[in-house]
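Labels run A, B, C and D following the written order; every chain starts at residue 1.
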Amino acid sequence: MLRLAAWPLLALVLVALPHGLSFSQQEILVFLTINVLVVASYRLLTLTGEWSLGHVVIMGVGAYASALYSKKFGVWVPASMLLGAVTAALIAVLLSFPLFRMKGFYFLIGSFASGEIIRLLWKRFRDPFGGPKGLKLIEGMPDFSIGIWDFQFFEPVSYYYFAGTVVAICLWILWRIERSPVGLTFHAVHWQDRLAEACGVNLRAWRTLAFTVASGFAGLGGALLAHYIGTINPNSFDIEKMVFVLTWAIVGGTGTFYGPILGCVVLTVFNEIVLREMGFEQMRPLIYGAILIGSILFLPNGLESLVQKLVGRRRRVPGPAEIVGESAVK
Amino acid sequence: MSALLEVRDLTMRFGGLTAVDGLSFRVEQGSIHGLIGPNGAGKTTTFNMISGFYRPTSGQVLLRGEDISGLKMYEVARRGVVRTFQHSTLFAELTVLENALVGTHMPFRPNVFAAIIGWDREDRRGALARAAEALEFFGLSGYAGARAGDLSHGHQRALGLAVAYASHPDVMLLDEPFTGMNPEETRSMMALMEKLRGQGITILIVEHDMAAIMGLCDTITCMSFGRLLAEGDPEHIRNHPAVIEAYLGGTHHAA
Amino acid sequence: MLLEMKGVSAGYGRAPAIRDISISVPQGAIITIIGANGAGKTTTLRAMSGMLPLMAGEITFEGKRIDGLPASRVVAHGIAHVPEGRRVFPDMTVEENLRTGAFLRRDRDGIEADLRDVYARFPRLEERRRQRAQTLSGGEQQMLAIGRALMSKPRLLLMDEPSMGLAPVIVEEIARIIEEIHARGLSVVLVEQNAELALELADHAYVLETGNCALQGPARELHDNEHVRAAYLGI
Amino acid sequence: MIELLAQTGLNAVYAASYIALVAVGLVLIFGVMGVINFAHGELFMAGAYTVVALYASRDVPFILAVAAGLVFVGGLGLFMERTMFRPLRDNPLGGLVASIGFLMILQAAAAMGFGVRKEHIPPVTQQVIEFSEKVRLPMARLYVIVAAIVILLALWYFLKRTRFGWALRASAQDPEAAELQGISINQTARIAMFIGAAMAGIAGALTAPLVSVNPHMGHSVIVTAFIVIIVGGVGSLEGAVLASIAYALVHTFVTTFWDGVIADIVGLSLMLLVLIVRPTGLFGSADRA
């Protein structure tokens, strides 16, 4: 009964949320919404056990692509966002050929290197990427109205509703994937790749699948960002941003679906309330670095493990058996 | 009976070292075939070449006449030759049922789009039924919800077989299945293999321990230093002078 | 008693791989531990040399407790461990490998004398002293591993499967070396898959079975024991 | 044209010398500890800022400032070993991520302590060796080259001829077998971390007057070092030195004839290519990924 009520209640809170906030806080809320999508897609990538340092650059690919489609070819913005996501996914497929010949360290360094190459290409080629200054005056979402409510998307509240809806749908899809046999196969690839291969799993194909899907959602996140802030440049997607994503994921804990989201929300709130209010905002990288190290050393399973301790549930990986509903095994 | 699996002139060199040297033998359909030899004889290397983990330097692995040497492990698996691993290689973090479900990957291939839309309900049911069947077969039904890493040693070994069995294999390659088992576990494991043979599954066992598979195998191939030493039924192998010599090792010394 | 292992349990995961093992090594003896693959022989040896922390039990060497010490400290007490698979340092020369064996020693002259001694014992190593260890044959690597262990001037030598993967002729030679080392007054604990060889060399033997000590006794008796022959030689 | 080639060659030799110092330190740390130190570029930066703080701001003689940089950055290395890499020894990927966190801390600390502007450091010497009108080698660069050669030779001697050098190599090749010889992993890890970090620090300190010192300078250094250690074969010190020379030549020439960004792209592509051709187990035994 409580569970049934929980979702509508959460939705209500999320809808009401921006109205109690200041303008700048509403803007932060938009960024937070987008970041939730990025970090949740990052978790899908880590399901197969590989940690990429190129995820934020892939997000940038979605941002650049979507901005260029709307700018150069006049594509309707929502469509260009989708195309941006598809482009990011396609770039990921291309990158997977070199990258998935590597594992562990080499994958990490390889993903970092490919990300750097992409960023350098943006920097080097003024046409079409705008060089170091990047792209400006990116088209915003076209306004529209449904009866009583006018959506003007330069306003953070409107954009928050739009982005929130998109992100909610994406999270639902990510959740469906993870709790399906597909998700189980990802876990299998992670925990014992050789045994998985002996079960007929084409490791390369499945790693590529996770990487591609994750990259598509990250690209969509980038597109959502680009059309809101209206200007992007190569440094919007540098290693510092990647460290933020890593920190959210690790602080939250990558063992569960909600862990990274939790990490993202908690650290963003911490950042806004504690750091900004106390005037430590420019110490943010330092504090994030310290938090990152601290959580690896002292909280290896992330915040989620604290939550689970509180709720008193054991860490577990969800399986498809629960989705079918009835267990065939008594 | 006809040869289901055949190894022809198989050779593996690592740098200057020849681990397997021109090995040939045939595994008959529906039999339990043992591959034995002292430590370092090249059994595991041979096993890894058959299962696709290594690409042989030269020679062939024929499955129903088709050359499968050099194929990747998952490609070999998809042709019906499924292997197990030494020790208790399992998805230790997943539940017993989930382990078996991964085993059903080949008959019920997951699809990401179907999974999102929800069009794979039939496949999920089928996979679950097959996984349950595999657990039942190996007497693990009672542990379906347990974490695989928490099982006892004997149950972990059985689960390893169940995962392989869940994929409907024609040939099962077992890598030292009796290692670290007490006599009682060994006996029940032997019974399970007999049961598998009863289902028409061909079994190739690689084992260091001669005693364990004497009573089980129809045919035994004995290797030593990468070469074929002797082949025949257990009685023949037991009394083969070269085999005894290879196993006792220090006979000169004793004399 | 040189080394006394009492009621030791140890292992890698949560469950111990060996349970309640007690082994005594008298001064000047060769003790062997035999058993099937996975019976816990190597685990026992690793527990002795401090590579594996104990879950229960204690180990004393020359009357001093050594359990709980890290492996690098156990060496200092006079126990050298020749690990399974030889584990020579592949990219270092033969001589560098040997000198690394004397890492804890400061007596320059003593080290040089022992180095000459090892070369005298293994002329083939002297011929290859500038070669990288990687380029040696299996038998030569085994000799190097033994030589390296001797360089620490141990009073007890732990040997893990010295015959593994070696041709019968080489195994003969290794056996001769073990006897020679023993004749010089060193005590040896020998873990072997090759039970026949081990029982020939040893004074006293322990038979492990899935982590428990199933049988122990004078090596000669075990050698002639029908049960042991059936269980471990498969004859 | 010949003169342009000669000048570019000289520039490449200079670049190779400090890159080699950084990369060899990184390889040493990876070999012994099994961890890729992402903060290595920031250790270089810390060395440079030591010179800013002592030589440029407080008139400490340059050579003493460099020595201080060596000690300070070596100390930072010891701190990292004790607080991060030792507790995370069984989790090399965790060690790597922790070093990324440390990178952020050092960068932010430099920005807060010195500001984000570029530092101007008075030149150590204005002398220039003129081979011809267009081929010139500033003395300051020659110092870096000579220092790099001396340091690398000293390291080579240490590793090949001394007890602790053997211990370090033994630990890198087989940590467990090394432990059985009485070599404590903690000890070798400390030595490797100190030397590795100090080499990055001294490279940063020596080149400080010749480059623009700023809190973000570590980024291009670590990217370069990654390229070099991958191309040279992870775990191989000789490979790292050779790859430094090769990379410096390629990068300097491409920069001279096209531009710097293209040179960076070429370098990174080269590294990806090596990773593709030899995806794992690049070189020998120090490779533990």
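Here, contacts are C-beta pairs under 8 Å (C-beta built on N, C-alpha and C of every residue); 3 or more make two chains touch, one makes a residue touch a chain.
Note that this is a predicted model, so its numbers are computed, not measured.
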Can you tell me how the remaining chains group up by touch if chain B is left out? one piece
Identity of the chain that, by mean CA position, is farthest from chain C: A
The pair out of A-D and C-D sharing more C-beta contacts is A-D
Can you work out the whole-Å distance between the CA centroids of chain A and chain D? 33
For chain A and chain B, let me know how many angstrom lie between their CA-based centres, rounded off. 42
Averaging only over C-alpha atoms, locate the centres of chain A and chain C and give their separation in whole Å. 54
Chain A: positions in contact with at least two other chains: none
Counting only chain pairs that touch, give me the topology of the graph as line, ring, star, complete or other. ring
By the document's touch rule, what are all the touching chain pairs in this structure? A-B, A-D, B-C, C-D
Can you name the residues of chain A that touch chain D in the complex? 51, 98, 101-106, 108-110, 112-114, 116-117, 120-121, 123-124, 239-240, 243, 246-247, 250, 282-286, 288-293, 296-297, 300
Per the contact definition, I'd like the list of chain C residues that touch chain D in the complex. 49, 51, 70-73, 75-76, 80-81, 83, 87-92, 96, 99-101, 103-104, 148, 152
Per the contact definition, I'd like the list of chain C residues that touch chain B in the complex. 13, 15, 36-39, 161, 163-168, 171-172, 175, 193-194, 196-197, 200, 209-210, 230-231, 233-235
Using the touch definition up top, name the residues of chain A that touch chain B in the complex. 173, 176-177, 180-182, 184-185, 187-188, 191-192, 194-203, 209, 213, 317, 319-321, 323-324, 327-330
Partner chain C, residues of chain B touching it in the complex: 38-40, 87, 149, 153, 176, 179-182, 208-211, 214, 225, 238, 244, 247-254
